[in-house]
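Structures for review follow.
Across the two complexes that follow, chain A remains constant while its partner is chain B and subsequently chain C.
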Partner chain A sequence: MDQNNSLPPYAQGLASPQGAMTPGIPIFSPMMPYGTGLTPQPIQNTSSLSILEEQQRQQQQQQQQQQQQQQQQQQQQQQQQQATAQQATSQQATQVASGQASQLFHSQTLTTAPLPGATPLYPSPLTPMTPITPATPASESSGIVPQLQNIVSTVNLGCKLDLKTIALRARNAEYNPKRFAAVIMRIREPRTTALIFSSGKMVCTGAKSEEQSRLAARKYARVVQKLGFPAKFLDFKIQNMVGSCDVKFPIRLEGLVLTHQQFSSYEPELFPGLIYRMIKPRIVLLIFVSGKVVLTGAKVRAEIYEAFENIYPILKGFRKTT
Partner chain B sequence: MPGGGRCPDCGSTELVEDSHYSQSQLVCSDCGCVVTEGVLTTTFSDEGNLREVTYSRSTGENEQVSRSEQRGLRRVRDLCRVLQLPPTFEDTAVAYYQKAYRHSGIRAARLQKKEVLVGCCVLITCRQRNWPLTMGTICTLLYADLDVFSGTYMQLVKLLGLDVPSLCLAELVKTYCSSFKLFQASPSVPAKYVEDKEKMLSRTLQLVELADETWLVTGRHPLPVITAAAFLAWQSLQPSYRLSCSLARFCKSANVDLPHPASSRLQELLAVLLRMAKQLAWLQVLKLDKRSVVKHIGDLLQHRHTLVRAAFQDGMGKRPRICPTPTVSTVTGDENISDSEIEQYLRTPQEIRDFQRAQAAGQAATSVPNPP
Partner chain C sequence: MAYQLYRNTTLGNSLQESLDELIQGSLNTYRFCDNVWTFVLNDVEFREVTELIKVDKVKIVACDGKNTGSNTTE
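Right, the complex of A and B next:
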């Protein structure tokens, strides 16, 4: 059957919507499975679209596809009628019927089967034509995992210390009693800083994970031991954890402070970010217009993750719509 | 009849316990002399517990207004008058100050903080009535540090549990632009720089709305944006004479301080306008730059809604983002710590001696007595 151009029928429906697409929309990786969120890795694409918007775009494109197919069918019907006008009427009837049937067949294959040979211009070609929308999009996890940036922990070395001796005999220590009544000691691996007080208590900061913080604290205790003090390692406790992440879309902070006024504090004259004090879990979040979020005040890692999963749907409600 | 008591007057032992108006007395039944008098309190043990109480722990504080509070209330009223606020604002601000003073943390605060508290109460009152007062203005009037002000302000809002609305941008534009001295000719304002107030105000408002829509206002101090918008509005109303005038010169003529971020806000706003101009066919051919686009601001503002939608439909200033892959460390926290690693942090005896010598020399140098 003669077609308008040289493209095979199943690809024809694709060609036209391409023109309708505004150039420059970034390509969503087709390998990302539908409804992801279980893989604990940040989204590797360069676009600023969230998964929800991707689904909407998919639906729109499929609707466009449908419309194109309908137009194609009408065109083909007209063509066929012209072509068969000169033929016998009996043959006409059967041909038209078979033509229509074959078109319907083609249109069905277009919608359900993945398209061989067509470049993956559309996200997730495995998506069925009748989109199965997830029951509650809000229940999908964000797919973004906050990264821990700083851990503050304390430990009791269990003996009184002479800070002057420590400052004299350790290379990595600084002690300025007029400024602060503790020795500031630093080690290279893990890169951390410790404040060692004369009571024997110590604060360790700068580690990127709980285990690193514990290892660093043990190293400091070992240094103090080697300096001649009977240091022990008692009551190690993580006091604070700081995490940060990027939701990758700009956020209307003025809107957020209006609707979540009892939790938020936004004073652009004082600080560019919005300070959100979440009740459960008890975490303070600094939310910036660029989409970067800093979470602090956690005692365990799970609190940071939980707080972010709580705030993500709220933030999605305030991203730009233009 | 208690035993062992003798009347000092007649020597009789007949002493009777009697109570006179609830005060117990020991009276001689012969001559009527009062031997001992009770105390006008309930029990003896109660009296034993009586002590001197400091003023701060008595209820005297709640019963009168302290001098410090009186001073503060006077300052609140003075500040309201200086700012020429409506009279109802004064009462509200005074009420906030009194409410804050009920809290012990405020009562015991330093005078500097109490001074700043005055400004905070006035600011909260203005914010709640949409009166555009900036923190910068208050800090200038009170000679206060913005850091101290911000700390006290946040503490006060939390303490009183208040819901303070954000600064009203439209009102701030009107007030701020009205303060520009450009509406009459003067020695510092040449004739070509004089502008009609209403025209400039309406155009500045439109430019500020445009900035708000295109993400130039969120998270930033509002005043530099308004300065930049006012400058562009003023320039665009008579570009032929005013394009040569710089932002600094404009602020000087208008007798207004130039806030530092205003120049970057200006560049950002011009970039937005250029992007919008690319959507208009008759401006595309002109190949506009940051100077020539000013002449067409009027047209761009007229069609700003459609142009913004067209110019920014595919996202705003997307930069290719390099997602840092999270480094997965395999530290368990219980690894062995080698001695050599720890020893790198300890000084050798020679180093200790050198250090001590250097320290001693340093101390000797600082404590050298002045030569005669």
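Right, the complex of A and C next:
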């Protein structure tokens, strides 16, 4: 999945500060800059479970997103040039500072450089996710992008399955009905595990991205289909996404639980991490003294990013100084 | 829908230990059905004090017995 000259799909809505505010482009709403492959697009019910078709479909969607992104960028650049002429110097200072932060962003994920002579395409890649308050200077983006570690998704194969047949004929399958009423199957690429139930419903876990989860689910469905069952691919849905990152400084969890007690629970004798239940977006964060943060409970990637951008200034306020 | 039920079962644990073995070692396939484990391994060395036997493919069928699990290799 190479993107040569534009942002990765998940950062497309973040191309400029106005990206979130631009009306008339509902597909790239601030809450879901990525995920156009899954929800806002018209649902393509391909009856074939061919993996090649699935990969082609994913590539086509990425190309469509790139084309739309280019059009959007042209509009945004015009608006941006008008806006920067009018905004206060603090805003420009913010953009300069977050331009530096965007360098960190670049080094982690992007390989393109801004075109010479043009305004940088991503002056503040992560600020659109937070409410923009021009009055407060120095609300910079963190420059840290949480990495997705696990995606859990479900799909309905649309037919009853004989689990014993599947366990006996498929490779890399486990079936112990006394213990658990599903076949546990694994594939190497993408490295995932699936729980397949006799109702025809399936859970797919372990993928590192939304597209990988969908591809893996299709591979499992094809295995079942090849065993002779009339498997379909209905209602694929991502149920949970887990991300993690490192703020690179130690955190005073005691202080955090004192000031945010309606959101936090911290019982070091039970679990060494502070459990922060953010309301908006509805994400649970596990915050550790080392500065590592785990975010879970997201249905879309943007919720993970938004939750981290919300928590980062709070964590900075509780940085350990000793 | 809550998909928490599988988290309590050790079987549903997606630590993917089997897959780790697949990637690192020589485990080709595994199967568990009717309390019988079947493994297929590639490029295996059987080492005894006196002898060394190298095999391209080994199929291990392991059943649970009352005394011990019994193995047959082909």
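General observations
Quick note on the criterion: the second predicted complex is superposed on the first by the 183 of 322 C-alpha atoms of A that agree within 3 Å, B and C clash if a C-alpha of one lies under 4 Å from a C-alpha of the other, contacts with A are read in each partner's own complex, and residues count from 1 in each chain.
Keep in mind that, in the parts below, contacts are C-beta pairs under 8 Å (C-beta built on N, C-alpha and C of every residue); 3 or more make two chains touch, one makes a residue touch a chain.
The structure presented is a predicted model; accordingly, all values stated were derived computationally and were not measured.
Taking chain A as the reference chain, the count of touched residues is higher for B when chain B and chain C are set side by side. Residue contacts after overlaying the shared chain place A:Tyr175 against chain C, while chain B stays out of touching range. In the superposition on chain A, A:Arg282 makes contact with neither chain B nor chain C.
In the superposition on chain A, A:Thr154 contacts chain C only, with no contact to chain B. Of the two partner chains, chain C is the only one that A:Thr193 touches; chain B does not reach it. Of the two partner chains placed by the overlay, only chain C lies in contact with A:Ile184; chain B stays clear of it. Comparing the two interfaces of chain A, the one with chain B and the one with chain C have residues 168, 171-172 in common. Chain B meets chain A in the complex at residues 134-136, 146, 150, 153-154, 157, 163, 166-167, 213, 215, 218-222, 308-309, 312-316, 318, 320-321, 323, 326-327, 329, 331-335, 337, 341-347, 351-352, 355-356. Within the complex, the chain A residues that touch chain C are 152, 154, 164, 167-168, 171-176, 179-180, 182, 184, 186, 188, 191, 193, 195, 203, 205-206, 239-240. Against chain B, in their complex, chain A makes its touches with residues 22, 24-25, 41-44, 46-48, 145, 147, 168-172, 185, 187, 189-190, 208-215, 218-219, 222-223, 226-227, 248, 250-254, 257, 261-262, 265-273, 288-289, 320, 322. Put simply, chain C touches chain A in their complex at residues 1, 3, 6, 9-12, 14, 16, 18-19, 22-23, 29-35.
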